[in-house]
Amino acid sequence: MTFEWSILIALAGAVVARPVSSVLGRHTGWAISLIPLFIFVSIFLHVAQVAGGEVLFAQLSWVPSLGVELAFRLDGFSLLFALLITGIGTLVTIYAGAYFAEKPSGELGRFLSLIMLFMTAMLGTVLSDNLIVMFVFWELTSLASFLLIGFDGHKEAARKSALQSLIVTGGGGLVLFAGLVVIGMTLGTFSFTEVLARSDELVASPWAGMIAVLIMIGAFTKSAQFPFHFWLPNAMAAPTPASAYLHSATMVKLGVFLLARFDAVFAEMPAYGHTLVVVGSLTMIVSALQALRAEGFKAVLAQSTVASLGILVMLIGLTGEVAAVATVGFILAHALYKAALFFCAGTAIHATGEASLGKLGGLARFLPVTAVAAVLASLSMAGLPPFVGFISKEYLFEAQLSSDWNVVPVAIAVLVNAVMVGVAGVVSIRPFYFKPERVSKVHHGETAGLLIGPMLLAAGGILIGLVPAPAAQWLIGPAASALYGQPIDVSFSLWHGLTPMLFLSALVVFIGALIVIKWTQIHTALKSFDHAYGFLGDRFYHGALNGVLGAARISTRLLQNGDQHRYTTIVLLTVIAGLVIAFFAAPSGDFLAGEGDIRISVALVLALTVIGAIATILVRSLIASLVSVGIVGFGSAVIFMLNGAPDLALTQIAVETLIVILMTAVLLRLPSRTRHSRTVSERRRDGLIAGGFAAAMFVALASIGVTPVDLRLSEYFGETSYLEAYGRNVVNVILVDYRAIDTLGEIAVVAIATIAAWGLLRGAIKPLRTKE
Amino acid sequence: MSVIFSTMSRLFFVLMLVASIYMLFRGHNEPGGGFIGGLFAALAFALLALADSVAAARKALIVHPVVLIGCGLFLAFLSGLPGLFSDGSFLTHWWAELGSTHLGTATIFDIGVFMVVIGGVLALVFRFYEGVEQ
Amino acid sequence: MSLIYAFAVAAQMGAGVYLLLSRHVMRILFGVVLLSTAANLLIFVSGGLQFTAPPVIPQGQQMLGEGAANPLPQALILTAIVIGFALVAFAAALVLKAYQSLGSVFTDEQNDAEELGSPFAKKAADNV
Amino acid sequence: MFDTLLLWPVILPLAGAALAAALHAFPAVQRQVALTTMVLTFGASLFLVDAVMEGAILTKAFGGWMPPFGIVFVADRFSAAMVVISSLLALCALVFAMGDLRQRQVRSGFYPLFLGLMIGVNGAFLTGDIFNLYVWFEVMLIATLGLITLDRTRAQIDGAIKYAVLNLFSTILFLMAVGLLYGATGTLNMADLAVVLPQTEPSAALTLTAMMFLLAFGIKAGFFPMFFWLPASYHTASIIVSAVFAGLLTKVGVYALFRVFTLLFEVDNGTLKPLIAVIAAGTMLFGVFGAAIQWDVRRILSFHIISQIGYIMLGLAVATPLALAGAVFYIIHHIVVKANLFFVAGAIHRATGSFDLRKSGGLMKASPLLAVLFAIPALSLAGIPPLSGFWAKFMVVDASFQGEAAWLAAVALFVGLLTIFSMSKIWIEAFWKEHPRAVRARPVPAVMLVPIAALGIITLAIGFNPEPLVAFSNLAAESMGDRTQLIGAFYGGEHTAGVTP
């Protein structure tokens, strides 16, 4: 089986999860976990191949007309991600099975289905070689995230956070999409492999800067970088297994994934890396501050996740192979310990029903194994030996020190890492070991399903730390090589000697320890600056959203205000504007027709119709208005008669009569006294509009007379009317033969109009008595 | 007076009906045709409705106006069908020569128009003048 | 001559547009009638008015002779007149019905459609 | 009989409407007539698509009078696709009506009016004569007015007035344009016009005529700032009617624009192109602005029609083959999806008792099936990949970038974000939120879910396998842009009728 099938298998999992849950009930988690486990194993089988420097490809035709192929690529970097996704995914499904144990099984089924859908999307994103296919899956992750954050949709907070994450990541996705489309336009291909090969061409193109910006924005939203960092902490409204999976270990790293991928493409564009360092550092500072003042268990973890993402983005911005190794190592280390910590937090919250760190304490009595796992994971997070976190932190500092940046980023990194140490201490020691009096009993204890995940992940952290060689050789090395573009020999080890990095690590631990001890004081102190934090939170988002909605309200209120007069005015102004534009765009030349002989009779009748038309405006009484309308109608009948159109004249007279008859019936029922419906200024403006329209039509009609009409159609009708259609009245023959379908349509109009009127006036007309 | 008016209107009614049918059939060669003919006939009924009552006019019409519309439209549709067989083309008319006059499906088409116009106009007049009593 | 026609048609259209802008539904309807009459006249004018004999083939001849008016625009106008009549008739029915169910002939007093589910209303209107 | 294929989609509904009117007194028979008619029409349209699939352009002259003297119907890929999709939609609506139509609506003439609408719609898609197009537009307009006022509620009457005023003006403008065009060229047949117009001396009259066509169709299509009639009326009609309106009416205006501005007039003449671009952007933006603040599902969807029309017009504003193909794809996708959303809105109304999101909720628990059925068209409309809307958006955005109109692409993407916003708003309010009055959801009849599911399956099919439709759209756009092909088709199979003298 080739690797690309894993996506389809995951999708199958999403489809079956709900039905399976109705059969297996509480055990569904265990059953479903076999699917990601199977994918994990099958991808793991490729490790040796990939570590040997091979890149696996697979391709299926999909939409060749648009240059979109189902192309997949498995190299060291995507392999690492695929393993993280499926490995942690396995643990998450197991954990979710236990977490939802008391809920109805349908809910568990729905949750697992979404988790599997998400896994499908993630696998697709990291494995795709075609940029559009990657985007397809990318947006699916946003959607799955939306559905999972709002999983408890009856809570308003969950709904709001879900919408926020969808707007931010979905909107970022659209920006990314623009970038991808421009890449396709510039290079004529959506294949990432080809883009990579022709990166110099891309960078040389005039669109390069725009592409870089668009892709960065897309990635920043997904990975919660400043100023889009706010959605991730709010996403903690999702059930904890989802938080552990999506919002710490995998999905939020997609932005990092993308930036790292494109780092190789934009290697020749220094501004790309510089921007990443700046944005990453800003994110680190902001989220570190936020972490110090956060209250909830999950909230603190979420803020530290944002900080970690900032570190990753900064690392990608640095150049050199050490930076590549540091990036990969930190991705791995962070995924292991952060997912474990979320699991532990979930168990603690689940057991007590209490989400605030300040109200938790002494949980180790009730949740002993969880407490151990939490401590192990947080030691890794704190970057203490012999955990994998320590190694990755050493690399981080090495990458920074070996880059050409000055001391500021290093100082930031030290401080932020110190905060991470503080967070690590606070989230493990405080709830589980401090203040045992705070929690006296728990609703639920530990079950096997709740323990497997954190224990395995925490153990993984220490295992890789103690025996780093296999992981370095099989996972980190190939992944870093794939990023760097050339093979890197990774010497991943605990002890590097007495280096500056070790000194920095020690400094970090020292400050971190201070933070743990002084946590409450710092927390209270920072709380007093609440108003300043608004700017670091989602005030920006709400401002933008409310701004757009406000603009929408105002524009809609102005346009769609319910007043027919406004509607007609705007439409007419538009029409006149269009005609004026057309007039000035028209070729200059004769547009006024030359004079023919003036026929006095016709001219008089025309004058009569004009008078009638003007009278309809001027007279106030509706009856008089109707009479004036009639004058215009009968006048044009006379015009028809005078110009050789007796059929028209007859019809016009008959129709005009009928209109008068019908309208009289209406007028009989309307109030006879009427008011001005328009103010004086409105009437003046309307008069101008009417004049403008009349002028435009005058020009159009006057210029039509310049050229004589081409009569070849009518000549043909004249010649064949009697001989082929057996009619002497050419007009009638046109109506019933040459253009009979017009007439058929016309009587259809009559039929439909009268049927509609028949239905409309059915039984609702009040009797009305007219004077004799 | 209303008796005289009513009687006169009945006389006019018959005359106008005859005139309308004349207009209908001469239309192919002289000014006229289904539409004008239909209007004449409808005006005849309308006169009856205005002079007498809507109910009387509806009684005189016998069929429901909407049904008349439907039948007329369907007749016009049917008149187009023969062409499909002779020529593979809708509304290609068939002609038969009777002496000096040509009779064809075009006439049937015109009758369809005639019926739709009567039904339509009457539907409107009946609805608009229902409840308007002298 | 064609300028006079153009002027007359344009004047009718101007009057029609002015009435169309009214808030009285009946006057709007008059505007529509004027506009469609003017539109028919426009077709008539732009179809050429050099000849004034009715386009009927005289008995004994087999083709339309010289001097007959252009029949095609006439046929088009006939269709347009009838269609215009049907639409105006329905619109008149609509006006009648509107006055009876909305109780007003002024469009600024007819707001039921916009109020239905309006985001600006304090209380969501019921769907009737 | 095979070469008469393109007549049936028009004359079958015509016969059906006539029969339904003649059977005024028998509502049950009317329903049978209508269903039979639409099944036959849909079948005929399938044959039609099959016949043009290979690139043939079918023409049929009425009365056997050869062009340009008689009226000719013409079907190429674009028109055939429009006919088949509209007939399918009409059929779906009739099936939906089986569960939702009330007796008094039938007595108001639902069936003849509905079939009448289909005469107009299919006629407008198939005709090759500009005056005949006007006739079909009027058939459509009057049937539409009748259908809006089917229930004769106050809101419907008010909505119909707003609809009538602007649309009557639009058709009169259209008629004037036809008159001027005839005056300038002496012909009405579109292929003949395509031959004659390039040889005609450019004049003020012609430029004004082109502009009048743009404006008249623009009102019909719901362009900014001429769309007011649409949000004022669509939400008042009963849901079967709204769904069909949403799917078809504006699209007929757009279709006519595409025909007129690819066959008769050039978009690429310096003035029109930037103008259409601005209109397209304004239509997208202000349409979605309107939608973003609404609470009534039908109003949200109505405003979205406008913004989607903007996307389609973007195709004409860019006017490259890719852009036109994108527009064709977009139209087809949008008809399916938007009509389906209205059907879903009907189902939501049936289940919760309200169209107003402020007064509904709790559907996630009550009807997960409905949630899925809503999600498919909603996500598609929002352009979430890989559903049909994504490919549509992809094509037009790609075309905009390539057509050096990056700013249009930017507007399109921003509007896409707001579309996501308002679709998720419906989802959040109707499905996630609990019902404000804790009312239990009522069951929705299966017969109403059938068309929703059918259209949903089509959406999914287009989404997961877009290649056939993309390729089809490319070819359709190609033949739309190629005048000579169409002109050739008109004059290829000519034959005179009747007896030769």
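General remarks:
Note that the chains are named A, B, C and D in the order they appear, and that numbering of residues resets to 1 at the start of each chain.
We adopt the following convention: a contact is a pair of C-beta atoms (placed from the backbone, for glycine too) under 8 Å apart; a residue touches a chain by one contact, two chains touch by 3 or more.
Since the model is a prediction, treat every value here as computed from it, not as a measurement.
Common neighbours of subunit A and subunit C under the contact rule above are B, D. The pair with more inter-chain C-beta contacts, choosing from A-B and A-D, is A-D. Taking the mean of all protein Cα atoms as the centre, the chain whose own Cα mean lies nearest is D. In terms of their C-alpha centroids, the spacing between subunit A and subunit B amounts to 61 Å. Between the Cα centres of subunit A and subunit D there is a gap of 27 Å. Computed from the mean C-alpha positions, the centre of subunit B lies at a distance of 35 Å from the centre of subunit D.
With each centre defined as the average position of its C-alpha atoms, the distance from subunit C to subunit D rounds to 25 Å. Residue positions of subunit C touching 2 or more other chains: 20, 28, 42, 45-48, 54, 56, 62, 72, 76, 78-79, 82-83, 86-87, 89-90, 92-97, 101, 107, 110-111, 113-115, 119.
Shown for subunit A are the residues that touch two or more other chains, namely 553, 556, 560, 562, 564, 568, 572, 646-647, 651, 655, 658, 662, 665-666, 697, 701, 704-705, 709, 711, 713, 717, 723, 725, 728-729, 731, 735, 737-758, 760-762, 764-766. For subunit B, the set of residues that touch two or more other chains comprises 29-31, 35, 66, 69-70, 72-73, 76-77, 80, 90-91, 93, 95, 120, 124, 127-128.
Chain contact topology: the protein chains form a complete graph, every chain touching every other one. Residue ranges of subunit A in contact with subunit C, taken from their complex: 553, 556-557, 560-565, 568-569, 572, 592-593, 595-599, 602-603, 606-607, 609-610, 613-614, 616-617, 622, 625-626, 629, 632-633, 636, 639-640, 642-648, 651-652, 655, 658-659, 662-663, 665-667, 669-671, 674, 677-678, 686-687, 689-691, 693-695, 697-698, 701-702, 704-705, 708-709, 711, 713-714, 717-719, 721-723, 728-731, 734-735, 738-739, 742-743, 745-747, 749-750, 752-754, 756-757, 760-761, 764-766.
Of all the residues in subunit D, the ones that touch subunit A in their complex are 14, 17-18, 21, 62-63, 65, 68-71, 107-109, 112-113, 116, 119-120, 123, 131-132, 135-136, 138-139, 142-143, 145-146, 149-150, 152, 161-162, 165-166, 169, 173, 176, 180, 182-188, 196, 200-212, 214-215, 219, 225-226, 228-229, 231-232, 269-271, 275, 286, 288-290, 292-293, 364, 379, 384-386, 390-391, 394-395, 397-398, 401-402, 409-410, 413-414, 416-418, 420-421, 424-425, 428, 431-434, 466-467, 470-471, 474, 496-501.
Residues 61-66, 132, 135-136, 139-140, 143, 146, 150, 153-154, 158-159, 162-163, 166-167, 170-171, 174-175, 177-178, 181-182, 184-185, 548-549, 551-553, 555-556, 559-560, 562, 564, 566-568, 570-572, 574-575, 578-579, 581-583, 585-587, 589, 591, 696-697, 699-701, 703-707, 709-713, 716-717, 720, 723-725, 737-742, 744-746, 748-749, 751-753, 755-756, 758-760, 762, 764 of subunit A are the ones that touch subunit D when the two sit in their complex. Remark: subunit A residues 646-647, 650-651, 654-655, 657-658, 661-662, 665-666, 668, 725-729, 731-733, 735-737, 740-741, 743-744, 747-748, 750-751, 753-755, 757-758, 761-762, 765-770, 772 touch subunit B in the complex.
Contact residues on subunit B toward subunit D in their complex (touch as defined above): 64, 66-67, 69-74, 76-77, 80, 83-84, 87-93, 95.
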